[in-house]
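Residue numbering begins at 1 within each chain, and the chains themselves are lettered A, B, C and D in the order written.
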Amino acid sequence: MNQEAASQKSVTSSSLHDHRPAERSPLMTWIGWVVSKLARGLSLLIGSSFIIYTVLRSAPGDMVDLILGLNGTPEMKADLRAEFGLDLSLVEGYLGWASRALTGDLGISITFMPGEPVLELAGPAFLVTLGIAIVSLFMSIAVAYGLAIFLGPPRPRQTLLLGPIQLLNAAPSFVVAICLAKLINELIQFQLAGGGQIPPSWYPIPTYQRLSDSIAPFVFAALSISLGDGLFTDLFNALRSELNNLSNSLFINAVRAKGASVRPHLVKNLIVPTLSIFTARLPLVLSAVVIVEYIFTLDGSGYLLLQAAKNRDVPVVVGVSLFFILAVIVMNLILDLVKALVDPREVAKGE
Amino acid sequence: MSDHTTSVVDVRDLVIEFDTPRGRSRVVDEVSFSVSPGEVLGILGESGSGKTMSTQALLGLIDGYPGVMGGQIDLTFQGERHSLLSELPHFLFEKRGQLEKQERGWRKHRFKAMASLWGRGATAIFQNPRRSLDPLMTVGQQVLESITAREAHKPDDTKLNKEAQSIEALEWLERVKMVNPKRVFGSYPHELSGGMCQRAMIAVALACKPSVLIADEPTTGLDATVRAQVVHLLQDLIRDERCAMLYITHDIREMLYLADRVIVMRHGKVLERVSTEDLKDRSSERHPYTRTLLEAAGMIGGDNE
Amino acid sequence: MTKVDQILIPYRRALYILIGVVSLTLATPSISSAQVFRYPESSKQSSLMPFFVENMSAVRITEFIFEPLVTKNKRGDIQGVLAQSWSASPDGMSITFKLRQGVKWHDGKTFTARDVAFTVKAAQDKKTIFNSKSKYRFIRRVEAIGEYQVRFTFIQPKKRPEELFNFKIIPAHAFKGTAIKRLDKFNRRPIGTGPYKVQEAALRVTKLVKFNGYWGRSNTQAVEMIHTPDSSEQINLLKYSGQGSGVQAVIFIPPKNLSIFENSDTVVLEPYHTVSWWYLAFNHKTKALQDVRVRQAVALAMDREELLGAHLGQGDLLSGPFTESSPYYNFDVEAREQDLEEARRLLDEAGYKLKRGIRKRGRSKLSLSFVLNKDLPNSQQLALSIQAQLKQVGILVTTKFVDAALYQEQVFNRKKFDLTMNVWSFNEIEDVYPLFKTGAPSNYISYSNAEVDAKLDASRRETDYKIHKETMKQLHEMLNEDLPYVFLWSLDIYSGLSRQLKNIFIQPYYYYSFFKDWSLR
Amino acid sequence: MSKIKVSKIKVIKIWRASSLSFQLSSLVVFAVFLCGLVNPLISYDPVLDVDLSRRDLAPSLSFVMGTDGQGRSVGLRLLKGVEAFFFPGLIAGFFAALIGGGLGAICGYLGGWVGRSIAAILELIDTLPRMVFLVLICTIYPPSILLIAMISCLLFIPSIATVVRRKVESLGAEDYILAHVAHGFHPLKIISYHILWLQCRALLTRQLIFVFSYVLFIETALSYLGDYGVQEPYPSWGNMVAQSRISVAAWPWAIPAVAIIVTIAALLAFGDGIARRDEEVKR
């Protein structure tokens, strides 16, 4: 729409003469662009963390009461509240937290792992979650591209193959994970009953494993994510139509017609759409990982979040949520940046 | 009719079909035409007459199923004759009384067959110049790409080096009458006007040094003044390059200006083949449809006048 | 699409390599981690610091790390740990401990009387806030006499004072003052004198390794506690133990899962008796429940045997606030059996008439809200069954399941409930005084009965053990009549232990008190 | 009478013209809706259904889908479990579509600072990680399906609003909308009738169905994570899977799990089908 309108405008304003957007120092344009994006991201970060902080602070059920049980005197309770920083008002508490958070200090856990710095808890946990999310997304995108290339443009007969895939793929990812875990356990048990070899270290599922022990549970988690929630079919449909539209597009035909290689054009033009799909899907996949990693007992943020919320551990919950929000915001920034780098039209639009 | 042996392009009995929800429909029905070296053949017709499809078949760029289903296309360049559809019957088979095509195999074969012909044998410029240029690459790079692709086929000792290629690309931009070729070289398509894009596209196409250039309504969507410039430019460059051209349009005036011969198409069939001179001649007998076209363009008055 | 095909070809080799690497890693057999004792816990320890031990998981894990002055041995006799010997004054007002020499803290420093004195002072410091502060209240003064002797004086005379010194000792040199904060680093990297020191306190796993400078001896090289909230996961882990993966012990096996291990070659079921009992509490602020007949009707409507059998397995049905192994349990008092007729009669008598299946008095329905803590084992099934049983006599029960924090808020603080079910667990001292005394801290049901108060006060004052026991037995009878709670049962609890473990002895409360003697494989 | 006949023929025509997946999915959706509507008429007392003497019975004639660990009929609970997500899901979907559509239209149509500030608030809500937020709310508040539905509704408003806003913005430049403005139609009428009803109907229906299926999905997820969904003894598909997943018998958890998978797949396919039909019709 916009492009058409712009082309018409430029045609009327200057026909033979070079047409360029209003002169601005490119560096300044870039700086302005980056600053506006960062400011926007930061304001979203502050806003959403405040919402989560408020929700948690106004939650019914007081951890101080739970800790001291029936033996706590009012003074003891007041002292403990002060130690936990729960004596401050909502706004005061948040401002204090936020100002420290800006310097990289996310506070310390008060009830779940008392005294542990939140950054050291939530950081590694979130890396696990993010890692699984990214791996499963990459995996799905790679397979989706492969299948799209293999199948070519949509054909009616393919519905017979894709229909059942679509149906199974619509299953919630954690249901897939439960089934997968059961299946693998049964298989290994069967194999053990037959041969009696040493089972892999991650057996039985779920057993507690860390990345240094074995990557198997991580792979399984990523696999369940890819196989569930319609992730694969959605990606496949989107990427396939993107790929087909592009490979049938006029300029690709023009490139072909002049005898040059199509590949660099295809790759370059697929970067932004692929990354957009990746970014759009990331929050959903992160949500799915929260549950799935629970099934494979990984030290991820799902576990941390649930336990911390149970213990009303305000700093930990807000810290973990912060990472989730940050991931999405940063991913969007990256997307914008890549768009701007790859696609000259972006910066010209002058965000 | 020109002699088959000397023609650059020779199309015989071309059939193109597509599957639609309402069944199979024939878009191009046994169309034949040929183009001699240096000649400009105009194809005239309304939209949907199959004129674009016939020329796309020449480039092997038809998408959709089943596409080309019969006929012969011969392309001659550098004295060698390439028969594009000779293998086609091997990919056809019958199923439930209908002729079907092994799509995957055919595509593979077609791309393989076309790989050496694209660019040097035939190339094209399209209707929408803005969309025919890769939006993510500078115009200069795209012209350069044509030259590089062309040079890749030459023996190593005669190849132009990188620098010479860039210089040539810049020259091409000058030849298509860009006001500031250096600046255009580093510009992206979205920074240029429609007319400039089309001129850039002409540069891209002709930089391949093709035997035949297919110009598919290159002026549609451009301003009237810009149109004239593009048409003049094309005429000049074609003459300089001694390149044959298939010029597709529904604008009869452009046709008369550019073409040596004209074929008129409607509903996938060739209605009439005339030389431009004949067409200009108001008195000669015309097919009723051609007559309507001429009338609509105000070239001849109605019978009742 | 051949054009697009070409994109993939250069990466095909990389793809094969990737697939190869992944399948290899997946297939790698485990490196057997022998000599590591792993066990799951359904809740995570609240802290590793003895003061802030607020759940059983913490009670158990600190047993590896810290030691008390004295403890009960397998026969139930008091035995010195950090204390070598002791002598109480004849008036019962003071005791002097002679400490063990050559004991080292995990950081290499020597254990002295200063640490013992510091522990008590820190516990009594107003700014050290923790739940079980009352355990230290009986001490008036503590003084270190030289390096290896410490004397305590009491507020009141004590019968057998050495029994009270089972609290764990913390090192004085690790703290700046006696006010100990919960968020102190010590709580996750504690220093004790016990046989194991903390190597790592990670998210789910707490790793302990053998302390080489330990004064005694211990067999196993390392201990790992894995937080595994789901009990079926725990079972899974035990079931496949002994193959380098899994765990060697599950502390509590739900009765319905006992059958899995009944004929197991790898796992042995080990019963042990905890001093804990279940009860159904009435809120005595609820009008309908102030009538003892209604309370009795509820008790009579319940078929506790079925509840126990169907959901929790084996145990003893109780008639009072003690377990059958307790010296205070009054065997003359019979536990009520289900008697629907009697229950209906009592309800009729109390004025609640049956109308269309629901009991009503005047306009008010006999409808009770039953609030439960989700973390209570099998709470949902139990609540469901109780609901069904009470419906038979026309009492309407609505259930509400809440998490621990909300349960605390709703039941203990705001007292917004009519019925609730819970468990009391006791350590060696079975003190029911705070549960039933009017206004006492643990009397969250607002129970008040002058006679019961009198009996409780009497029991507190009494120093003669025999009379004390008799008073408690009378109390037992009274409570069964007046029913502040419906006393339900104490469970036979089974642990599942790997057959690789030898010389097992479970301490019912601290569990791992005798772990030093256990050996693996 | 004739009108009805015509519409009947039209329905049959649409049915014939639509794809197999759309036909199948609409059958499933129809069945679920039927169950949901009939549900209030079925009396089921979850307390009295407990019968410990018939635990874990395999599917048979008397219990078509077997019984669970408490001796309750799986089939009956599966049927009754529709109630748990049906009305909350519908309410959540309806309000999400209504509010999201309205706000999106307002943003797209008005622009200016009102539009911008609404857009900013929506963007803020959209930044909240959905699952994290839901888990958070459900851990700290007493679990209730209505709460879950409300939060899902809130969390989906921004994405619906964005879709509608884009649509409205692209329509805003269309000549016929400009013509409506020129004819002096009230902007409210243009927004609500010409834009939302005529243009975004299918789109909003699809979103409604999506939110509806999300409520089912999230209820199951929360039941699994720790009984944060519908509470026993009342049945929901989610708590049926979660409660019985450790049971020895497969059917108490496998049957509701399959039901969830099929229903969610059907709902999504149905929503897509509606949107696709609408596009085809417009073309």
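Annotations for the structure displayed:
Definition applied: a contact is a pair of C-beta atoms (placed from the backbone, for glycine too) under 8 Å apart; a residue touches a chain by one contact, two chains touch by 3 or more.
Treat the numbers as computed from the prediction; the structure is a model and nothing was measured.
The greatest centre-to-centre distance from subunit D, using averaged C-alpha positions, is reached by B. Averaging Cα coordinates per chain and for the whole protein, the chain whose average falls nearest the overall one is A. Looking at A-C alongside C-D, one finds more C-beta pairs in contact between the chains of A-C.
Centre-to-centre spacing of subunit B and subunit D amounts to 52 Å, using the average Cα coordinate of each chain. If you average the Cα atoms of subunit B and of subunit C, the two centres end up 86 Å apart.
Rounded to a whole number, the gap between the C-alpha centres of subunit A and subunit C is 40 angstrom. Centroids of subunit C and subunit D (each the mean of its C-alpha atoms) stand 44 Å apart. The multi-chain contact residues of subunit A, meaning those touching 2 or more other chains, are 60-61, 152, 256, 310, 312. In subunit C, the residues touching two or more other chains are 1, 3, 229, 403, 405-406. Shown for subunit B are the residues that touch two or more other chains, namely 104, 107. Subunit C makes touch with subunit D in their complex at residues 229, 232, 306, 310, 374, 380-381, 383-385, 387-388, 391, 399-403, 405-406.
Remark: subunit B residues 59, 61, 63, 65, 103-104, 107, 114-115, 117-120, 122-126, 128, 130-137, 145-146, 148-150, 179-180, 183-184, 187-188, 190-196, 201, 204-205, 207-208, 214, 222-223, 225-226, 229 touch subunit A in the complex.
Within the complex formed with subunit B, the subunit A residues making contact are 3, 6-7, 10-12, 14-21, 152-153, 155, 248-251, 253-261, 265, 268-269, 342-345, 348. The touching residues of subunit D, when paired with subunit C in their complex, are 46-48, 50, 52, 70, 139-140, 142-143, 226-227, 231-233, 243, 245-246. For subunit C in complex with subunit A, the touching residues are 1, 3-8, 22, 25-31, 44, 46-47, 52, 54, 126-127, 129-134, 181-185, 187-188, 201-205, 226, 228-229, 233, 236-237, 239-240, 243-246, 403-410, 412-413, 434, 441-442, 444.
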